[in-house]
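These notes open a run of structures that come right after.
Shared chain: chain A. Partners: chain B in the first complex, chain C in the second.
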Partner chain A sequence: MVVALKERGDGLPGAAEQSGPIEQLRYACSMGAMQTAAAIPRVIPITHCGPGCSDKQHNALTAANGYQGGGWGGGGVAPSSNATQREVIFGGTDRLEELIEATLKILDADLFVVVTGCIPDLVGDDVGSVVRGFQSRGAPVVYAETGGFRGNNFTGHEIVARAIIDQFVGAYDGEREPGLVNLWSLLPYQNTFWRGDLGEIKRLLEGIGLRVNLLFGPDSGGIAEWKAIPRAQFNLVLSPWLGLETAAHLQEKYGQPFLHIPLIPVGAKAAGEVLREIAAFAGVSERAEAFIAAEERTYYTYIEAFSEFYSQYRWGLPARFAIAADAAYALALSKFAVRQLGLLPARLIVTDNPPGEYRDAIAAEFRALDHDTEGTVEFLEDSYLIHQQIRSAAFGHKPPLILGSTWERDLAKELKGVLMEIAFPASYEVVLTRSNVGYRGAITLLERIYSTTVSRTA
Partner chain B sequence: MAINLRTAAVETREQRLGTITAWDEGTAAKLAEQSEYSRGCGAGCGVGNKGSKLCELESPFTQGGSCAEQVVQGQASGILDAVLVQHSPIGCAANQPMNNTNFRNTLARRGMAVRNSLALSTNLTERDMVYGGVEKLQETIREAYRRHNPKAVFIATSCATGIIGDDVETAAREVQEEIGIPVVPVFCEGFKSKHWSTGFDAIQHGVLRQIVKKNPGKKQEDLVNIIILSGTDVYTPMLAELGLRANLVLNLATIEQLEQMSEAAASVSFCYTLASYFTAALEQEFGVPEIKAPQPYGFAGTDAWLRAIARATNREEVTEAYIAREHARVRPIVEELREQLKGLTGYVAMGASFAHGVVVVLRELGIDVPGTLVFHHDPVYDSGAPERDTLGHLVEETGDVENFTVGIRQHYQFYNLLQRVNPDFIVIRHGGLSPLASRLGKPSLQLGDASFPLGYQGIINLGAEILAVLGQKKFHEDLAAHSSLPYRRSWLDEKDPFALARAAVA
Partner chain C sequence: MSAKKTKQIAIYGKGGIGKSTTTSNISAALADAGYKVMQFGCDPKADSTNTLRGGEYIPSVLDLLSEKRRVDAHEAIFLGFGGIYCVEAGGPAPGVGCAGRGIITAVELLKQQRIFEELDLDYVIYDVLGDVVCGGFAVPIREGIAEHVFTVSSADFMAIYAANNLFKGIEKYSNSGGALLGGIIANSMNTDFHREIIDDFAARTKTQIVQYVPRSLTVTQAELQGKTTIEAAPDSAQADVYRALAKRIAEHTDSKVPTALNPKELREWSAGWADQLIEIERASERARVAA
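Moving on, here comes the complex of A and B:
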């Protein structure tokens, strides 16, 4: 049977065309971006897909990954068309219309985001025309075509963000507010620590005198912030690649400039540099210096205390590390490990399948881990290959530090290493506000790495 | 209706058994009575008579459920020396992390070395949707074989491969010839069945067709097949008392254990939703008798279950002695628990036959159970044996359940259902509903370990666990005072969980 596929939206990033099998997956599918919608306070995703799709994506992202909880309107709350034979043979637009109608009667949200699975995208449901019908009645509904074969939840995230911008935020020709910034950074729910991390990033940006449309998570103001997107002075893309597509679109749509900083700062060195760069771009340098100085005083008070452990512990600490994580965390934590702890990289693996056009730039970031340390990054998504690479790395005679996921539990035992679950899926972690970034997160990360190390033989 | 192992794809539950997923007409007795047609009684007569069926509600509003592929994934990736290939876009494999936590915890509970479960996704992309995914499937099977040297490879199909029409059967046969181990296609497209339990039938169908020995050389007269889900092995010690050996399948079984199912003296289970197809097919196609008895819950159910095994394996005397010993050991403890649990009301929400069993145990403990939600209902199991009428057994042994509902795990309906009965606690299996109970101040007892409530010891287990869970009430009541639900006031005031469904047909 030949299936006529609908055109993909312009310029959206896709999975590498030559993808191979994946064992022990490290992300969800495009429709996993249902949790992108659910990450916005008082927004509920409507999943138009088969009966198990929603359950699988949100269970993976919100339960087996830090037991974060699905959110107020995500997880088991999200409506789903649970498509059957009927919707496959006759199409599912009637069913979707019925579901949205019923949803508006039962659920009370500020915005509903229809995300699609493989079935409607394959049989060619005209989801847009169904949703436009509701939009013309003034119902707060948008749609995003996220069929699982189109990519992973990273690319799905940008499709959802764009859907909300184009169909809900809409046109704007008013003034821009100096000092207001839209933040595009790590991926909600996929990154186990996103809530705490976004909270810390917000604290830093406010510390240097900016106001932030955080857009996702408990520290965000929900759709009011989304409505305020066009008013912002600029977009800040704080990640190696995720968010660039959205920022470019906003530049085109609203003439809004963006600043791209690939590194999410972890620790004082990176935080100082990144905050100075943002402050210079935004024109708030003076205030930034005072904030950085105050943060560094606290940070180094703790580092001083930590140094008594770090310099005197008798029973062996890791000297080399391997990391397997999405580009954002892989880069952020590697730089911290190298520049602030003096660890050496044994294996650097990026697992989120960044679109081809961004890979050279990401590799360049890893080559410049520090002035005296060059890293070589590998792009792998199949955990079997990832484990082969980590297994063959040179860790010297010290216990390897592995920054990875639950999939590395067996490998860490085999290598007699120290495993920190910092990447999806982190199934042996319960995570609520914990953060690994900025000043405070870096200290927490230190506590966790070395608590795990010293308790290894308990 | 006879089971047909000749076709590669299993017939769905709704086709074979008349399974429904939404019913809310009153009591358990009423549903049991309405289901009698399926056993040749009442109106409509005739097992599998397609002319008769239960009336089923259909709601315009639905929340995410589960699918047959998800079940197949859990079952197949739990077979120790096999590898699962998920022939699908990557999202179908998103259940792997959750499965893996179940797998690792069950290994630990069974005293085995803890490790990751094995499954590969063919990771189909847009290009494959246009050109087909067969080549990728064959390459992934070969890769699974090279990497892990398994004794068999199972293939789980997906909605996408079903729609694009990949010839998975031929693809599997070709690679099977090449690598010389069974390559078993399991057809489990989510859209094909409205209930996920078809996934149990699909994987069992595959195992019966390609793994179980067709012509067993010898019979093992002391071997009993026990169809299990992940949980503690309570069976081996129990059967040892009877001089029998337990062949635990499929969860954490080896291919050798699956092969020898046809050599066993009998097949039995704690959950007939799960085992319906397997035990009926083993009897029909391999002559291994299905144990026809109630499920092993509460004193009466467990007595009858053990006695039926004893009859099938000629171990009546030793079994009677064991039953007497267990009664003497367990009854005084249950008496104490009844005293401690006096006056409590519980609500049960889980898969159908498991729920029937758990209600029995709660009532054995003196707990009032005015309401139960089952996630689907099979009017009959495959063998059609009246002794296996689990719902009928519940009603006959312990009395009716006043508010008995069939509903496919819908968060929004659970609100109205709990308003009907206002229980002190919920006993539940599956994720998704407990969070709602929490926000209403109700603690949930999550039955992750499927062996937990069964047999004589199960009565004690459940009683002790309820006492522990009641302690959490403070947490949930505090939460209830500080959280909101996403539903409109009009829905929260609605008394009928199926109001939308009934309005749609009115």
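Moving on, here comes the complex of A and C:
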């Protein structure tokens, strides 16, 4: 009798375990995490991969998605081993060694992150031993095995974060600084608005009296913040699932606690709740109240003005919406649409393929959109299926509001709807500092949704 | 260039079972019989053709490829005993890179440069390493390369497992124009029960034994001189065995799809034989004591 340690489940595997071809994809491969490295000021990824891998990843993420630009050291700047047949057959470690050596001579960065593609991971290149050689000479280089078959760029992101923590930040047994927080939230570059959004989240956290290791983006202090990770009072995971693995690792490594809030706050209602929860955890509640009150004064002054338009405009405002986005934005924008605009959900689709173990919790968040509104989330990655679902949704007699990506352009026309490109790939948006979150971002989002709506027939 | 069809044969078997020895002797016997032969070693160790060239190693296709991006295949072809064209695919150092991809690349390189046609070969014999562990080592049995596969196996169970894995590979590719099985070359056949075991396996998998090759000191002596038995001891009984084998392979036309045993069948089959072997052992011990 053969007995496994765990019995096999019956029936078909769940959606999270299934795989197959998909069309019009909504993420990059693991190696897209080269842009996670590039999102840290003065950090340059070194890509050890076949010809075209690096170009495809960064073009998808940084060009076809808001024309964000590859960054100071990402995109077309990132050196690549351009591995071909020779590196497949004989292994590519010599080539990588040569590449790192040359990179250190030519490029100026605070940290280099070697990310690997499918070729070295398949043939088993011992990238670690090459990089450790440079590390022992004191060179600021780490490596992350991000071969595309390991998963999407969300997976790659946590691999890169962990690589920097383990190989660069290192051990720490000193004191922790009260009021210093590490933020793990939106996926840089994948989320078209990450720069502005992280900036706004930082403003909110500082507003309630915290100091923030933002870690990514123009408002981050770069590797000095990464070095300061172990000193932080706690880690804040502000997303439904991304970042949880990193936070758990930090808890184990440094004994650092973490606070998980699945909802990125959009609008005053959510912002007030989330900030109060964070403030209570951090022990800064008093200051938080003053900040929230000041923010709400400004916010609701604008909303008051907006409400005249919103209640009086008679030429067809959407009543129901569909959303297809990564879990973080799908949840954040859905809650805003329901709780602050009074819209009803017609379709709620999460597209970033969250690991199976997080799906029940994510679904529970969607079920509780508001005290009187329940949502049913679907996890889909294939645009054909996503479009089928949106097409078959009930939008009533008003124009559908579709919060999605460029892939929904034709569908929006077909449904005579209003499309807001808020998810990857957003190819009809040029995005620099614009934000959709917090107090200010929510107002911008309102402006965009209703400018698009009123100009729909212009 | 003539329009004749080159007969392409692949010889597989577990590592150390005597594949290269057998292959080289087949090549030598075919060359002796007047055929134009190429022996193509598909093993990163690159030592398949040693006994055709006085024990000497030759630079492999992949050695050349590691030095430069474009390789003229002629630079990797060396003449051996009886005018046999010797080629070694070669491969990476143990533990790095992808040897399977190396085999694919080396075979493709010669095909792309139309070497077989240019040399007007009668036979190309691929000597392929061990087990069919990944796609690269299945290349010679996939479409458009070898037509006939032979496996060298002893009566040792591990060798038979390797042969059975090969049969699975052949079954897999048989519907898409892949090579079919010519049969088993039964090596190191010194006792009756060796023969019985291998015969039984052949029967169970619906294949045939092409030739029984006994273990022989002549082979070892020849190899120590860096030669095949055909070259070093052409008048020996062992050379006759190899010539007979080469003749059968030359005359062989119809290969078949074998019926590989599934893991359970294979386990039960070998367990059955293990019981019989213990019984044989006991019987001979009883006979010894009685005497």
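Basically, the second predicted complex is superposed on the first by the 441 of 458 C-alpha atoms of A that agree within 3 Å, B and C clash if a C-alpha of one lies under 4 Å from a C-alpha of the other, contacts with A are read in each partner's own complex, and residues count from 1 in each chain.
We adopt the following convention: a contact is a pair of C-beta atoms (placed from the backbone, for glycine too) under 8 Å apart; a residue touches a chain by one contact, two chains touch by 3 or more.
Being a predicted model, the structure only gives us computed values, none of them experimental.
Partners chain B and chain C fit side by side in the overlay (superposition on chain A). Applying the stated contact rule after C-alpha superposition, one finds that A:Thr93 touches chain C and leaves chain B untouched. Using the contact criterion defined above for the overlaid structures, shared-chain residue A:Leu259 touches neither chain B nor chain C, since it reaches no partner. Ranking chain B and chain C by residues of chain A touched puts B first.
Residue contacts after overlaying the shared chain place A:Asp108 against chain B, while chain C stays out of touching range. After overlaying the two complexes on the shared chain, residue contacts for A:Val123 are found with chain B and with chain C alike. Using the contact criterion defined above for the overlaid structures, shared-chain residue A:Gln85 touches chain B and also reaches chain C. In the overlay built on the shared chain, the residue A:Ser54 is in contact with chain B alone; chain C does not reach it. When the two complexes are laid over each other on chain A, the CA centres of chain B and chain C sit 60 degrees apart as seen from the CA centre of chain A, to the nearest 10. Judged by the touch definition given at the top, the superposed model places A:Val454 against neither chain B nor chain C. Per the superposed model, the minimal spacing between any CA atom of chain B and any CA atom of chain C is 5 Å.
The contact surfaces that chain B and chain C form on chain A in the two complexes overlap at residues 85, 87-88, 122-123. Those residues of chain A lying in contact with chain C across their complex are 85-91, 93, 122-126. The part of chain A that touches chain B in the complex is made up of residues 1-3, 5, 8, 14-15, 17, 19-25, 27-32, 44, 47, 50-61, 63-65, 69-70, 72-73, 75-85, 87-88, 98-99, 101-103, 105-109, 117-119, 122-123, 147-152, 384, 406-407, 409-410, 424-425, 427.
By the touch criterion given at the top, residues 59-70, 85, 88-98, 100-101, 104, 114-116, 118-130, 136, 139-140, 143-144, 147, 158-160, 162-165, 190-192, 194, 196, 409, 411-412, 431-433, 435-436, 484, 486-488, 490-491, 500 of chain B touch chain A in their complex. Residues 62, 65-66, 69, 91-93, 96-99, 101-102, 105 of chain C are the ones that touch chain A when the two sit in their complex.
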